[in-house]
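Below: a set of structures, written as structure tokens.
Paired with chain B in one complex and with chain C in the other, chain A is shared by the two complexes that follow.
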Partner chain A sequence: MSHGHDNPILHPEVQMSSTRGYFTGFLISLVLMAAATAMVSSHAFPPFGLLMVITICAAIAIIAQIYFLLHIDVSEHNIWNTVSLVLFIPLFIFTIGLTWWMFSQLYLRTMPMMPGMH
Partner chain B sequence: MSAHDSPDPSKAVLWDTHYHGHDVISTRSFGYFLYLLSDGMLFATLFAAYGVLSYSHSYFNGQTPADFVHPWYTFTQTVALFLSVLAYGMGMSAVKKGNKAGLMNGLIAAFVLGVIFLGLDIHDMMDLAAHGVTVQTSGGASAFIVLTQVHAAHIFFGLLWILVMMAQVAAKGFTTDTVGRLLSLRMFWHLQAIIWVFVFVFVYLWGYMS
Partner chain C sequence: MLVQVPGGWNPLLGRLAIDQIPYTNPILAPLFVAVVIGAVIILGLITYYHKWGYLWKEWLTTVDHKKLGVMYIILGLVMLFRGFIDGLMIRTQQVWANGPQSSGVFGAVHGYLTPFHFGQVYSAHGLIMILLAATPLLVGFMNIIVPLQVGARDMAYPYLNALGLWITAAAVALIMISLFVGDFAHNGWFGYAPIFELQYSPGVGVDYWIWTLELTALGTTLGGINLIATIVKMRAPGMTWFRLPIFTWASLSANIIALTSFPALQVALFLVACDRYLGSHFFTAGFGGNLMLYTNLFWIWGHPEVYFVILPAFGMMSEIFPAFSEKPLFGYITMVAASFAIAGVSWLVWLHHFFTMGAGPDVNSFFSVATMLVGIPTGVKVFNWAFTMYRGRITYTAAMLWAIGALFLLLVGGLTGMMLAIPAINYMVHNSVFVIAHFHSMLLVIVYAIFGSVLFWFPKVFGFKLDEFWAKTMFWLFSAGSVLVFVPMYMLGFMGQTRRLDYVFNTAWHPYLVTEEIGIAVYCLSVAAFFVLLYVSIRDRVKNRVGQDAWGTSRSLEWLTHSPVPFYNFAVTPHVNARDELAWRRHNGINEAQPTQYVDIHMPNNTGVAIYIGALTFVLGFALTWRMWWLCLLSLVAIIALMIVRSWRGDPGYIITAAELEKMEREAMQRQQQVEGHLPHHGGQAVPGGAMAYEGQKVSPLGTPPSSGGDHH
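Moving on, here comes the complex of A and B:
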């Protein structure tokens, strides 16, 4: 993260901007979102299969955006951003996943008569 | 060691005059990145709330996202936001060459496209309210509206920040402060596109199909 010049334009975080990278990230995520929208609005698959397919679309779009837009990689300059993001991901998943699991089990035990439970 | 290899004591530099640790821009942008990750945890709690309030009993026999979400309408918001993020990236590529006009064009385009995103979102929310879906309707509707509107609030403050940066760059040019802030705003703006993928796929699309 060190550099010996005072001109902010030459800072590595400025110089890592890449028109081609931003355009690639834009194109990949837009195509995937269009595909997901088309499949959902036409009910192309049964619900569970559809959920799996749009989850894969979202995952690829997010990875493309994290790589091309946030410049998360293992280069010397970005390694600490990458480390902190990698440590963040389990917190994000556990917060959502454990809360959802806890409440789904609670509903199962306390509201067995509710119609439409799944 | 021969005398030839020994440093001349009168000319020897005993310590480095430059600090080789984190420079100002890197320190600030790393700190801002950590802040953005904590902002991600805010969204995690809202996604968790939506997850537990998206069962059919959560809608109190009222309308569910399957009734009020229009996938292709929300897809136009996706296009506007992704284009805005792309425009900001193009502006930052111009900064690489010290091109102030290029940055300004990128910021203006990012601002206009962000306003389009926000306008479409506000129109959508007014439409929902007109059809009787507000935060008061049901727990499910509350979770849906709060999550999508917290994201919209991020866009609103990002738009204000874009205006501030246009004024600062116009007044001060490319200094360590302004360039550092442009880098922080780049992370903020690009992160909104990533959060939007989650919101669009797991709230709008999944809500529509279930």
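Moving on, here comes the complex of A and C:
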């Protein structure tokens, strides 16, 4: 038989999911988004500082979502998740890193400096 | 309302009003009448012949990967035709609106299309050809062929497969309805900031564009997940990674690209939607937005996407060349490596679409070198194909002609791509029609590979071959058209004709434009030849019936089962002993070995849920476009409800018993006997090294004469 009759509930990725985990992940991302929005709309820091703070918030939110919602970790029964993680990290670095690089070069040539960015 | 939109808005119909229907347009109004008449005739015929039940049971609710694939391909061909008509309109406008003396009709100063209408035509043309013609055609082929090549009964997720098709169909419906209700975007297929902002494009055109793209992106991502899972998890016993047919490898690399890049498109368009619907400023010049950020995000997807469409085409060529050269593919391992190298590098080159942004020499050099690196694996592939043909016993079937044509186009497109990859040249020809000619050469590689594949795999799916004479006629007409259209286009690009002109000022270019128009006329003839091809082939279908190995020289696993393929694919899962399994079996004289014993098999049930969700996503897209908020909410809730209901019920599937299976198999074998003059035999002769033909069933011991069926007939 090409596809199994085994109970899908027993699959490791289903076993790993729990209401508590999903709820935690959801809550963390919600709180971080609200915090970022509040800081931006109240101009809590100078522009460059704000950029840094909301970037950090976004990074934490991503990690929380990867862990709590997508259950991506490096354990053995989740080997395919690890494979996708290994694929994801270089792509993430390339896209974000190269974008950063090309726009910083562009801004050197075309933009007045952002206040606070010496 | 979240942002103030120009024109009226009411809670019930959103922005929709009677004046949004272009019933006074001299081109669209007659077209609309023709479409309605055509639709009434088709629906009338279906009703007259009582085919609704058949259509619903066998096609609209099916989860069979072959039928879904056929529907993908039909959808793709219809859109290829629509896109062709757009192309014809663009060419006709340019040859007509050439020079200040040129006449104008239908409200246009020059030519027959106003600039606003012309903008919609070229935007729709590009979007349709890349995302709604080439992509569905390729996904359709992957759908049909990959499960057969890996020896699976269906895709890993049959229901998800149906969902992918119907969401793609919803995108098609959305762009088609934009012809008659409202208008379409005029910002080109990839869009520009800030012209797509509400301020500069106040109509609904851009909204149609956003939601059409979002829906195809969703449908293609779902398809990609399914194909990857199928290849990773559903391979028949013995099908090790390095026995995978090369088309399957190509599909795997392509779908990895799709899965990783389509989200970038979805996010980019979502941000555009935020600008237009919520009044945010991601891509505006003021308030901290950044225009080029859109272009950047778009091409982060856009360049991987072009490799998503070319890699399966490479895979198709890799199947056609060996079959008609009667040799194994040269350099299998390097072919696999090249596919993945291309997939990997395709992520690092996107800036070559906007070298002229001005990021400076360091950045441009990096992306220039990265882009040129793609030429290495591509070159490897070209040489592998050439060496496959070298000293082969080549038969010039129509499929082979298309594949060879694709190879030549790849050279032209690849080398002009290399030229474009040099920033110094790029600054000269960027946004000229030279670029247009470059990527049309490349996309024609795909079209050629697809037509080659239609001819190559048609007998597998439908059980009879297409007519060779008309297929070759079509090939030569199509190739003549391609030369006539695109060679002058390269020249015009060098002379400085920029892309997307609704009015061409330079009358010295007239001869070139006329040549292109003649090319379009020749293309029209090839389209006619295609219809004749279909007619003649279907008329002569009994005469052109084939057995399981339609070409007699086929190599991979899909040719092991009957033609047409039964809905369960393989009565008994085959055991794979070699790369190019069928060629191996033929060599060992067991290519017709049939299983000696059947067991019950488990199949998924049909479901209507997929088509309902598809219809609802169309409603959602339409409601979002016209800002009918209540309808958005309603359709979204309905989609979620349907998904919950479906996952709650699941699908227990059903069982085909061994006895039923045996009966169906016997009929299939009798059909084959009528074609080939003898019955395929059970069991098989001895083969070296204790090989197995079917899982768990030994081949008869050495010295036993081939059984002719005995108890089963």
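Keep in mind that, in the parts below, the second predicted complex is superposed on the first by the 90 of 118 C-alpha atoms of A that agree within 3 Å, B and C clash if a C-alpha of one lies under 4 Å from a C-alpha of the other, contacts with A are read in each partner's own complex, and residues count from 1 in each chain.
Following the convention adopted for this analysis, a contact is a pair of C-beta atoms (placed from the backbone, for glycine too) under 8 Å apart; a residue touches a chain by one contact, two chains touch by 3 or more.
Predicted model only: the values in this text are computed from it and were never measured.
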Contacts for A:F26 in the overlay, against chain B (first) and chain C (second): which applies, first, second, both or neither?
first
Should A:T110 be classified as contacting the first partner (chain B), the second (chain C), both, or neither?
second
For A:V14, select first, second, both or neither according to whether it touches chain B, chain C, the two together, or no partner.
first
Mind working out whether A:L91 is in touch with chain B, chain C, both or neither, as first, second, both or neither?
both
Once the structures are superposed on A, label A:T99 by its partner contacts, choosing first (chain B), second (chain C), both or neither.
both
With both structures placed on chain A, which of the two partners, chain B or chain C, ends up touching more residues of chain A?
B
Both chain B and chain C touch chain A; at which residues?
1-3, 80, 88, 91, 95, 99, 103
Residue set of chain A touching chain B in the complex reads 1-4, 6, 8-9, 11, 13-15, 17-19, 21-23, 26, 29-30, 33-34, 36-37, 40-41, 43, 47, 50-51, 54-55, 57-58, 61-62, 65-66, 69-70, 77, 80-81, 84-85, 88, 91-92, 95-96, 99-100, 103-104, 107, 111, 114-118
Touching chain A in the complex: which residues of chain C?
152-154, 156, 232, 234, 236, 256, 260, 264, 290, 292-293, 296, 300, 347-348, 351, 357-360, 362-363, 573, 601-602
Provide the residue numbers of chain A that touch chain C in the complex, in ascending order.
1-3, 5, 80, 87-88, 91, 94-95, 98-99, 101-103, 105-106, 108-110
Touching residues of chain B toward chain A in the complex: what are they?
18-23, 25-26, 29-30, 33-34, 37, 40-41, 44-45, 47-49, 51-52, 55-57, 71-72, 74-75, 78-79, 82-83, 85-86, 89-90, 92-93, 95-98, 174-176, 178-180, 183, 186-187, 190-191, 193-194, 197-198, 200-202, 205-206, 208-210
